[in-house]
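One chain, chain A, appears in both complexes that follow, with chain B as partner in the first and chain C in the second.
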Partner chain A sequence: MSNYFKAPLTRRQCLSLLAKAGSSSAVLGAAGIFGLTNTPVNASPVTLKPLQGKNRKVLILGAGISGLTAAYELERAGYHCTILEASHRIGGRVLTLRRGDFIDELGSPQICPFDDAPNLYFNAGAARIPAHHTGILHYCRTLGVELQLFSNHNKNCYTQDDAAFNGQPVRIREYEADMRGFIGELLAKSATSGAVLDQPFDEQDLDKFIQFAQAYGDLDSSLTYRGTDRAGYAAGGVTTAGILKQPRPLPELLRSDFCAGAMHFAEIADQAPALMTPSGGMDSIVKAFLRQLTTPVQLHCQVSNIQLQPQGVAITYLKQGESYTEQADYCLNCIPAQLVSGIENNLPADYVTIMRQLGRGKLTKIGLQAKQRFWEQEDIYSGISWTKQDITQIWYPHHDAFKAKGILLGAYSWEPQISDRFAAMTHQQRLATAIAQGTKVHANYAQHIENGVSVCWQRMNHMLGCGAVWPEELQKTGFQLLQAPAGNHYLMGDQLSMHPGWQEGAVRSAWHALADIERREALRSTGAQA
Partner chain B sequence: MNKIWLVFMLLSSAVLADSKQPDAQYCLVCHGSAAQGNAAIKAPNLTILPDWYLRQQFIAFRNNWRGSATNDAHGKEMQAVANTMNDAEIEQAIAFIRRQAPVKLPISVNTTANVQHGQQLYQQCQACHGAQGEGNAQLHAPPLAGQHNWYLVQQLSAFKNGWRGNQNDDSYGQIMRQFAQSLPDEQAIADVVAYIDSLPSTQPLLRTSR
Partner chain C sequence: MSNYFKAPLTRRQCLSLLAKAGSSSAVLGAAGIFGLTNTPVNASPVTLKPLQGKNRKVLILGAGISGLTAAYELERAGYHCTILEASHRIGGRVLTLRRGDFIDELGSPQICPFDDAPNLYFNAGAARIPAHHTGILHYCRTLGVELQLFSNHNKNCYTQDDAAFNGQPVRIREYEADMRGFIGELLAKSATSGAVLDQPFDEQDLDKFIQFAQAYGDLDSSLTYRGTDRAGYAAGGVTTAGILKQPRPLPELLRSDFCAGAMHFAEIADQAPALMTPSGGMDSIVKAFLRQLTTPVQLHCQVSNIQLQPQGVAITYLKQGESYTEQADYCLNCIPAQLVSGIENNLPADYVTIMRQLGRGKLTKIGLQAKQRFWEQEDIYSGISWTKQDITQIWYPHHDAFKAKGILLGAYSWEPQISDRFAAMTHQQRLATAIAQGTKVHANYAQHIENGVSVCWQRMNHMLGCGAVWPEELQKTGFQLLQAPAGNHYLMGDQLSMHPGWQEGAVRSAWHALADIERREALRSTGAQA
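The block that comes next holds the complex of A and B.
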């Protein structure tokens, strides 16, 4: 029965209830928090025409995914590339941490303390790739990067919210089964009560709709939700008859914010199953590019001056305190715009003005080494548990089941204020916080955790942000201007895509710039002014 | 667990020292390639600031005089860095900044500010910061002319709302806070900053070390 409601609901009541329980607007709001909802359309990979003996030099600033993509394609076509990278490492925001790696966070430098084992790594930056990111997957395919399945959604993980269930963690399986049961019953009952949609809707449609509602919620023949084995059995189910779990009351479910947010995370186009990730860490992609490049990336070269010249670009950089200048026909620049705005330059004033207005995204990720894979004892292999505390998420490794140890993601938040709070702590305080909060999800968490790393992207050297944040108005007026070349200088990176925060944006921005160079080279060879 | 941490920290501190880039190139990541400041990072122009003031501010960050307020995210960034630096590293950083030639900043005009009103308000600043905003070493008052206007606004607001100058042992900060509090509102801050912005850029005061 309807422990949820006594009389059939009117459509209006139904809609208002639905709005509470996670309607499209609530879902969209959540999507906004989680990232983008638009899906990039397939593009064909750029193929540059070979230069055939012409001599062209390109300076690439920054060895992130966009810089590496550009270098690979340019070299293949016979361009001479020099890649200048300020950091001690290659990869930018593709950062896979293993034992001994130096984490160059301003004010919180660390050395990764994980044990030395192939399965003990942590993707502190990019971690997952959806199937429609065809640009980055093109390079995984053609450069031989082995992929594994990656999961955001695992019904055996938990949701924890102090406002509901006495703060106890509840399996996502149970929460979702009950929520769907309730919604299914609500839909079925409102449909049978004669509520009609605004669209043409005949008897047959109505019948189908009720069947849908019944299947959606796993309702009984009287269209009532009485619990479901989708939630898992309370007891039995294999050699003895299964006993259903008692559904949780709806008001109790609604007290948790899970239904209005994280429950729908894996509905977001870029986050929905099936996702992929390179075996052994995201930096397999970086390594694959490096296997192809003939010119080595020059590390510790901090660009300090960008000068447009009539025929090309001159770049000055600092290396070990000394200044060097190089000239080239083209410059492809993937340095984060908020840092470019602090580099001396003669770029057009309106160009620099836009860069100054881009926001610095804030993200914190914490990785924890566990000495036992305790989550496997709780039937969890991969996926995400969600909590309303600052740590927001716990990720379980999707790889290397049954190994001795494992690396968990112990915190990952998109809320700038939360990231500010983590940034204000010392590394030790961050770990202590991650462990204390994780304990609400896994009671014995602290005794399993051995060590960890914390990465606040807004503090990372040569980054100072997890990505550019374009204010909506500025994007309308400034994006195309920044995307267009200034002289022979191109700004690129995911910051110059409508898909910032994804490697796909970085790859496509490089293709966009390369296509323009190709166009200009074609003009040049016909003698026209490029 | 604590023990493991201790051992780890001891082992790693030597490695950390090596991995720092020489010559405090670090400063230029936030403060711009010539230490001229960067609006996108809210990092001030360092080239106009004399050694004694830079040193004083390192101390201020380490003493929690700056960067301790909960919402002062930018102050906290610098504080975190200052806390990882020992005295020798601070002197190295100051020497490195000294090697950067002062950069002429682009003139930015704030059309909504009243420069004349700003000039009146500046009367009270003048005693310490000088008629040309050139600063005064004896009074521990930094040069203002040549600093970014957005940074001056930000710091006046920080003094006014107690993010700076709010600690008993920070006597210079406390003095400055009193003056900032005498500015009634944002408009007054904008006006006085617009006046400072109109002052011809003075060469930085003494560029001696120590």
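The block that comes next holds the complex of A and C.
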């Protein structure tokens, strides 16, 4: 979930590059094959062939989404599964917090203090599902998980940056309307400037381009931006004529970092609408898997040794001070790679070397219980407010409008140095920080907040990090190597996908491993060497 | 609901205007008062003072949202209400269709053929509530109407225009990513062109502007657009590296009318996120009002005479062939103005003259029952596909993903000439047209559709039109005159708001009339002349 935004260029870099760029080759474009689908390839669910009496045992390490996916598919095909989970709970980074839940953060253990009510929950881990994540949606569909729409983008939320507007929060609606107005004006002007629009623009293209610019910015008939009702009215507009708001000047808008980053957040492939989320909390997916599994997940089992064997794998683990060893035909290992590399093992040296280099994201989420849903009085239902402060975002519930209380996301910080700052605080300091910073967005914030939870994923027990971070060069050389089995051992999880931090990556990494097991079982049936 | 988009300029108009426009005064902007709210003024609900034993009778003509709002508030304050409704049903243009419902379209009567299931409903009238429509949301909150998020904008939906891409549907995700890429490129170039960016841009502004352009278009480090994963991948992207799609050339993109209109639809003040809609259908709001009312709505009562009297109003109506006359202190009249002007009356002449000039929108909606939710196989959950054909839009359900069947909106046409073409067809011809045109968006459309309903609002009994259409000049001279009482008679409804076609207009026009009654009652209490 890191690297949401490209690092912006400095001015020197920009100008140098622009000089080099020359005429707009990209504007000319290139005819080519235009895919009509954005569904990732190989998105069909894996369906394993039933074993038909063959005896196969699989050890699954970790009961997050990848482990649960594998267990579900394996059991359906007749494999015997053992699921070992190091922590006190099932779900991994699918963590929906409700009253009384234990938050096992090292150095900051908490009991969730929310009131006991169905709408008072907080998705401290995975929170949204994009519509093209067909793997996890396959399980929502087949296991009966009810979904609701989720939204990142709500025009009534705020953007706040101390560098602009004297630090006052500005409605995204107003900010975007004004930015579009000025940009539309510039585009309309560009249309008459040969320096910008190259061939092969014919008259009709140019005409359409100007129409685009006008519609984009809501320009008046002289192609000038003079404000728009898109920004909402300063007064009136329902039973009396509406009075437009004064546009903010473009230089002032540009002073806010919003335009260089967050304004484009909902364009990111996995953050664009439509997004969905299970009714009642993301852990509905975990519960749905558990309803199907016959093997109970064994909690508090910490793996201490992984030994590849000629025909399988032996796993040693500690449970309540006792050591146990289990053997199996296959081991599916969902433990974070940086922890695996510290466990006694006989995995290949290059495999271990890569695991050691694989980074982990740092991420802080804070959930706040509000006494009253004050955001609804500000016409906010769902969505995200953005601030340049450490809390980065405030999310408003997408669900259960009009209830007495609600849970806000009070911080979502994925920059490592920011998350480290939160990690260094006590829980009460984190809440105080979230409230103090949130007060720049909502003036009377403090008086509404009753209690809260904070989760610094880099310190959560048995995880010590959020999504895997693959350095670019390492990914080129090491991804396929880690993805391939080491003997009968498979490393899995969202860490072995191009979507670290997303359930889709977890599901599809499980499918990838299962497809390989299927291939090997087919070879074994024919007597060949797998 | 008409006039969604400004009429595009012709090329000749554009160039002439650009020549006149001169330097960009709007870019300089103007410091001013920046409202921090987009809540329309006077949005507080009207609370009438209890009558405390005084006897007041109010006749309410029409049981749509404005009539129900008025009845609810008046009853709470102790007024005696009589609600007369001309049609066979309550709700006006809030019309949620389910199996067996009678659609009283003149010349095209239908019984809704959908299967009997909770998720198989169609909002043939009002369908969405923007978050700043505080009037209707006030009643959702106080009357316990459960809301869900609704979305106009889903990147996985399609845009289709015969003029571009050989008429093939293109995912909005791909179209928008490419448009933004090329526009971002142009903006980055503009930044070095003094002809476009005027003073007072300082170095820092320019830097920020280039960062904006880069983030806007997802440009590479040379500020060139070479495709983006925002468009989805051509292949891979989850367990293997993703391969970017080839960008479509800008001239080809411009050939589609999408960029000049629909691409900006969700920027319209009332169409921008967050939008909401009641769970189970928009008529949940009507049902919620009815639960509160003690006076039953009298159906099949057609008003035939409206007579202002010195101390009140007398209304004559026909019910089952019999004529009845009722007198009341006040009459709140929600009948469409163009119908009122044809009813015998002694209203002031200028009042009637204005009513006669007030237009009515023409609007067709078609609902289609699909045997299977084929759109989910195309990664579509909620949102709107756009086509230049008469059907204009296809909507996918925002609710009840994964159910066996679903109701699509198969056409939503608000251009009068298009809606007239549908009105001239039989119901079966309308369905055949919707299916034939929809096939350009979804190749196997016909095989999925089982049955459907069609509603041409300009022919719906007792309405003969959709939202009021105020000619600009008429609105300036006539709006306040119609809004003011004529004696003790008040014209109401969304027709007397700046939001024709929206429930918010209906609620707020009722509040406007009630506030005036309140004022008069206060004067009467003091013995003054009201």
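Before moving on, here are some points about what is shown:
Keep in mind that, in the parts below, the second predicted complex is superposed on the first by the 482 of 530 C-alpha atoms of A that agree within 3 Å, B and C clash if a C-alpha of one lies under 4 Å from a C-alpha of the other, contacts with A are read in each partner's own complex, and residues count from 1 in each chain.
Methods note: a contact is a pair of C-beta atoms (placed from the backbone, for glycine too) under 8 Å apart; a residue touches a chain by one contact, two chains touch by 3 or more.
Just so you know, these numbers come straight off a predicted model, no measurement behind them.
Touch criterion met: A:I343 reaches chain B, while chain C stays clear of it.
Legend: residue contacts after superposition of the two complexes on their common chain; A:A424 is shown touching chain B, with no touch to chain C. In the superposed pair of complexes, A:A443 makes contact with neither chain B nor chain C. A simple residue count on chain A separates chain B from chain C, and the partner touching more is C. In the superposition on chain A, contact is made by A:P109 with chain B only, not with chain C. Applying the stated contact rule after C-alpha superposition, one finds that A:N305 touches chain B and leaves chain C untouched. Put simply, chain A uses no single residue to touch chain B in one complex and chain C in the other. By the touch criterion stated above, chain A contacts chain B in their complex at residues 86, 88, 102, 104, 106-111, 113, 300, 302-305, 318, 320-321, 337-339, 341-344, 349, 355-358, 360, 420, 423-424, 428, 446, 449-451, 459, 461-462, 464.
Residue ranges on chain B touching chain A, taken from their complex, read 1, 4-5, 8, 12, 15-16, 19-23, 25-26, 28-34, 36-41, 43, 70-71, 73, 76-77, 79-81, 83-84, 103, 106.
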